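Quick one: the structure is below, and I'll ask about it shortly.
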Amino acid sequence: MASETVVLEGHIVDSLILAKVLDQILESGAEYEVVDFDMGRTNLDPSRAVIDVSAGDPDELDRLLADLHQHGVNRADVTDAQLEECRVDGVLPAGFYATTNLETDVHTGGRWQSVVNPEMDCAVVVGDEVRTVPMHRVRAGDRVVMGETGVRVHPLRPASGATVFEFMSSDVSSEKPKALMTRRVAERMRSGRERDARILAVCGPAVVHTGGSPHLARLVRAGWVDVLFAGNGFATHDIESNVLGTSLGVSVERGSQTEGGHSNHLRVINEVRRHGSIAAAVDIGYVGGGVMYECVRQRVPFVLGGSVRDDGPLPDVITDVVEAADRMRAELTGVGVALMLATTLHAVATGNLLPATVETFCVDINQAVVTKLADRGSHQARGIVTDVGPFLGDLADELGAR
Amino acid sequence: MASETVVLEGHIVDSLILAKVLDQILESGAEYEVVDFDMGRTNLDPSRAVIDVSAGDPDELDRLLADLHQHGVNRADVTDAQLEECRVDGVLPAGFYATTNLETDVHTGGRWQSVVNPEMDCAVVVGDEVRTVPMHRVRAGDRVVMGETGVRVHPLRPASGATVFEFMSSDVSSEKPKALMTRRVAERMRSGRERDARILAVCGPAVVHTGGSPHLARLVRAGWVDVLFAGNGFATHDIESNVLGTSLGVSVERGSQTEGGHSNHLRVINEVRRHGSIAAAVDIGYVGGGVMYECVRQRVPFVLGGSVRDDGPLPDVITDVVEAADRMRAELTGVGVALMLATTLHAVATGNLLPATVETFCVDINQAVVTKLADRGSHQARGIVTDVGPFLGDLADELGAR
Amino acid sequence: MASETVVLEGHIVDSLILAKVLDQILESGAEYEVVDFDMGRTNLDPSRAVIDVSAGDPDELDRLLADLHQHGVNRADVTDAQLEECRVDGVLPAGFYATTNLETDVHTGGRWQSVVNPEMDCAVVVGDEVRTVPMHRVRAGDRVVMGETGVRVHPLRPASGATVFEFMSSDVSSEKPKALMTRRVAERMRSGRERDARILAVCGPAVVHTGGSPHLARLVRAGWVDVLFAGNGFATHDIESNVLGTSLGVSVERGSQTEGGHSNHLRVINEVRRHGSIAAAVDIGYVGGGVMYECVRQRVPFVLGGSVRDDGPLPDVITDVVEAADRMRAELTGVGVALMLATTLHAVATGNLLPATVETFCVDINQAVVTKLADRGSHQARGIVTDVGPFLGDLADELGAR
Amino acid sequence: MASETVVLEGHIVDSLILAKVLDQILESGAEYEVVDFDMGRTNLDPSRAVIDVSAGDPDELDRLLADLHQHGVNRADVTDAQLEECRVDGVLPAGFYATTNLETDVHTGGRWQSVVNPEMDCAVVVGDEVRTVPMHRVRAGDRVVMGETGVRVHPLRPASGATVFEFMSSDVSSEKPKALMTRRVAERMRSGRERDARILAVCGPAVVHTGGSPHLARLVRAGWVDVLFAGNGFATHDIESNVLGTSLGVSVERGSQTEGGHSNHLRVINEVRRHGSIAAAVDIGYVGGGVMYECVRQRVPFVLGGSVRDDGPLPDVITDVVEAADRMRAELTGVGVALMLATTLHAVATGNLLPATVETFCVDINQAVVTKLADRGSHQARGIVTDVGPFLGDLADELGAR
């Protein structure tokens, strides 16, 4: 038998974290004893649990504690984190500490230092500051935190004012009052705007196919989107629908498949390639409206990440996916609200990069997409199971975007 | 080997029927030879195919021809239909002819007579007129058509003006321009209105949960719904949302689960039971708005069919399902357009009763529901994969319903 | 301002109930103060919270406490429950207490008495014993519990040994190791069998369409099903597949749609109607295999509840849905494990009747069905998103059913 | 008014192509007259339609004919294709002919020449041979076919022996006999093997999560997979499940989330990066089983295409998506059967590259994925809506793979 005393502190009851932690201990075959518990009297007061965890052997205990740690269960003992140097570029020492997307501190040089850029599934490198670094970017000589000793994770705290939204997180279902949910997303965007948080839109092609593109363009024009992530498909169909009036060859106006044809998206890509970039195609007047046009006009930065299914692609698409993810990382500074609009691939990709403190709304007609996002660790994501086209129309109206 | 010459006539190429028939012959292991074919020169001209079908033995051939018959493949030979008397109430003679929902004629007394009320999965009883009769309603002494000899089925012909909608029938997908589809449904309703066709709305509880109830109420008030089918759940939640402002205990206004509580639907049912009927509860002022209220006020007939999951139920619910289906049948006269709104059970039930000539739109967030309807024989149904709440708002706006 | 002291006791941390309760208080606009908290030291020890709840006015507080009560939040004060007599058959006094499916006690005559048959959405009638009674069954003169004063609800306690299954309840996703989940269901069935719990199977027609019928028949034959609920569709297609080798006219053996035809289900229903009952059709040799056959042979009771979409129906179908639900109620005694197999309607109907102590597994290819069940109050239901046909094959193999 | 005579030839009735073409003409607002029609007498004989198409103006007619052309509607007049030289690398002349995935001939130098490598959404370059070339690969000086003059497309002909499978293509539904469908896929794989066609497996991570990985490994070991496409996720979780016994940190054996932890996939990627390649990690004994292991052992080539959501990634992942697609293209020679296993991204990507003559089976628990594939032009794809883990187990058993 091996045992260790751990501490869990914060809004651990109302956020369900304490319950999940105790459940996980039992499920792993280990046992617990709650040796001390201070319950916050009101919802403003944090709670604090001190728990003795006992497992069959030290290895099992270590594995269990490593898992609990990602929910904010920290060892009671505080010692400095162990560091080890990378030997090879892009390869970590075997026992590296793997990050969560929660706020994290590292004890080094006798004091706690905050990790400046929380991101899940990274290593932590200690230098002048303490940073997360994705595996492919570590360099020989980087000093990497090993194991979870000396690492403190803060459990997720509900965003202020977000409780009104809690009902969505409990169960993701299509059977919810939709006008209301749209209003709430609008409120969170307004609240984000007030505290100077940037708003990120992550878009899939279904935004265009379902007729949501003009509404999203209104939102960009009115200043409600500060940065946009998408792929070749979204940008192409957005431009296609403005230049040729079709999306995947279907007339956006009349729904007929015959007008303009199946190859329209290729012709649009080809012309933009000829101009050299979307911005150039806007400047020269080839593209005269739509989401990408408004992004160029409003100087809203966008990152178009490539995928193996891309035709063309557009010249702005970053075909190297590692480089694309790095550019997305660089654009996340200051983002406080994220809208995932009908995209699985880019939603999961962005979810991987976002700190848990970013309010995230995932809008999709398919309930499974939202579940998938939460399964991949983006626990802060709230799901809205609805049709993205009409949703964007209502959202733009709600925010007074013309 | 056994063979027979059959005839298939009508819009059999553009409606895909000829292709399906040939495919089905091969799939069953039989063979065909097209001995004569007249192709309509334009889309207004019918085509006509004369086909020799050969199968391994007479039984196999008979089974195959029985199946082909339901698509409108009729034997070239014309003889009178065979009739047999029922011996027992509610039980048919073993080889009875089972109907499709297509227009059908029976050759009897030396001439073709139209079946006055096409409905699938019924028997045909020959009396003063030729009628479909569901199994449970046949009575001893009824003369029932046996086998498909002397029965002629007319292949489905596309509703005039409906071609504009064809693109929906090809593949049911959520990735369609939704504003456009809403506009098209509105057009078909207007066109139905112009030719004095009645409009049927079939409603599931998700209409209320997603916030669509006030919009459907507008449509009823403005005269766009002539008859309504639903179950206990829809009617209860519609009344609950008007009397108590909640749906399944969730505030329709604020989305919060705590206001009013989980038992609201029970209390509403109980009070309506106390008044004796929905109409009485409207008259006395207990119910002051909503879909059911408008139905009572506008004298729009409704049929509420019971189900085993019902709480209460409301006094208007017909708890005997055979009787409920009979009442639905009685209300179908003159119906030309049917909207299936977020309901699987009642959509399939109504689909079973509707002639194939009724234009049917099935609106659901779940693509599988629409597929299921077509799988069950309602081939005329067109699917719109979207969120029913916002859809109804847009539809009511489109039709100018206030 | 109005306030009241309430008590919540049991496994309220690991079952997430405490967190939900605190969340619900805040969401309703009220406030709380935890005045006393005893945390169970291990998972065998219950916890106990004493909470002061304050709301804006007494009405709001009452509504909130009524809602909290259904999770097991009981007033600290104990007084006798208020009783009121019904005036009219089938109508309750307006302020009746509406039940949950949790274990419940009523304080009457100065002492706590257990409700003998917990069922959600019922009234509680106090007579020689204290019973839940559905609205339609109360009779004038019945003494009904009013409000939640003097009513004590016990929070759901995880079934012993069920923790191994907890991982499923957290998120319902198709991305789980399926062989493992099948094994776990088998274990729970074996464990149910050992403690003499009866096993209930609730079946939809997709069991037959996906090829699961012979496997379920094996399970019935081997004694793994003690009672079966279904509708006309399941029973008809099960018999059709055995008598004619088809399901909805599709050959179960060869998948071809042409063999035997679309009307097979009608012919089968008609013949069983001729014989008078499924049991008679089995005895006379018309039905020689399948699930319904095995139920008759093994004397496994079944309830077939009617629905408005039924063809025929089979003579055993109870066409009055209120009577059908009453028969289902009568068959639930001793049921400890319930399998919901690819059915929304009957799963929700059965979920409405089951006490929360029954271990419930909901197997469906569509994630939304499982969410719906939980949304309707059957919180104990665990979801398995998979294809029911292959699932039943693996389950029968796992349990050694031949 | 403008009009033109076109010819459509082949199995155009049973493949529904004629019906679609006529429908599309009307939908576009144009008109047709069938001036000649030869119907094939049996299913072995081709049919031939000569159709006059009339549209409002020459431009409209040209756009319509361009669209019809992709179904195999060719101009009756035969003249040489127009060619134009590319001016810039990676940019096509504006009016380039955009390919379908059907067999295609180009009339050049006075005779028809076959396009050697049909692929959709490409240009056709005429040199020593006539080839499709994706946009990004054309080089200045390449002579590109302009418009559809002088281009002849052959309508899709059903693969010999595939008619038995037709029932799947009509409607994609989960309600099908699954054991049967598995048997049919096995038959098509055997038939492919007999005619020396290569078999391609395209895999998503859900193959591993649902427990399908060991079964797919059996298939690879037994020689039933000749080439494999996947992404970083599939390969990582396959290796993780073999090295550490988990998939996304969930124990494959016990389903518990706690064993081994959330960072397992990162550790596995890191170690494979240390070894330099999957093959190296197999050779050194780090990876001792699973799909990737068997691929290395059996020398089955694989292409791992990168995506923006990748962690790591594995050293074998091609992070430039354009290069990844080019490698996939290179591996498609000789592929006759393709299995798309629980992947949207890679299924659509592969569907874009495959000629229509490749028999394609798309297995997914979500019906929408299959619809999406067909919407994107891969009309030959047949859908099986089922759970991929159990499906692979049954398929491997059916094929006797141990």
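Note that the chains take the letters A, B, C and D in the order they are written out, and that residue 1 is the start of every chain.
Criterion: a contact is a pair of C-beta atoms (placed from the backbone, for glycine too) under 8 Å apart; a residue touches a chain by one contact, two chains touch by 3 or more.
Source: prediction; values computed, not measured.
Visitor: With one step meaning two chains touch, work out the least steps from chain B to chain D.
Guide: The fewest touching-chain steps linking chain B to chain D number 1.
Visitor: From the centre of chain C, which chain's CA centre is farthest?
Guide: Relative to chain C, the chain whose C-alpha centre sits farthest away is D.
Visitor: Please work out the Cα centroid separation of chain A and chain D, and write it as a whole number of Å.
Guide: 31
Visitor: Using the average of all C-alpha atoms in each chain as its centre, how far is it in Å between chain C and chain D?
Guide: The separation of the two C-alpha centroids amounts to 44 Å.
Visitor: Would you give the residues of chain D that are in contact with at least 2 other chains, written as numbers and ranges?
Guide: Those would be 27, 164, 167, 174-175, 248, 256-257, 366, 368, 375.
Visitor: Note which residues of chain A are touching chain C in the complex, please.
Guide: Those in contact with chain C are residues 13-16, 18-20, 22-23, 26-27, 31-35, 37, 39-43, 49, 163-164, 166-167, 170-175, 367-368, 371-372, 374-375.
Visitor: Help me check something: in the complex, which residues belonging to chain C touch chain D?
Guide: Of all residues in chain C, those touching chain D are 164, 167, 174-181, 184, 205-206, 209-211, 247-248, 250, 252-257, 365-366, 385-387, 389-391, 393-394.
Visitor: If you look only at chain A, which of its residues touch chain D in the complex?
Guide: 24-25, 27-28, 63-64, 66-67, 70, 88, 90-92, 94, 96, 98, 121, 134-136, 231, 248-249, 256-263, 266-267, 269-271, 273-274, 305-313, 319-325, 328, 344-346, 348-349, 352, 366, 368, 375-377
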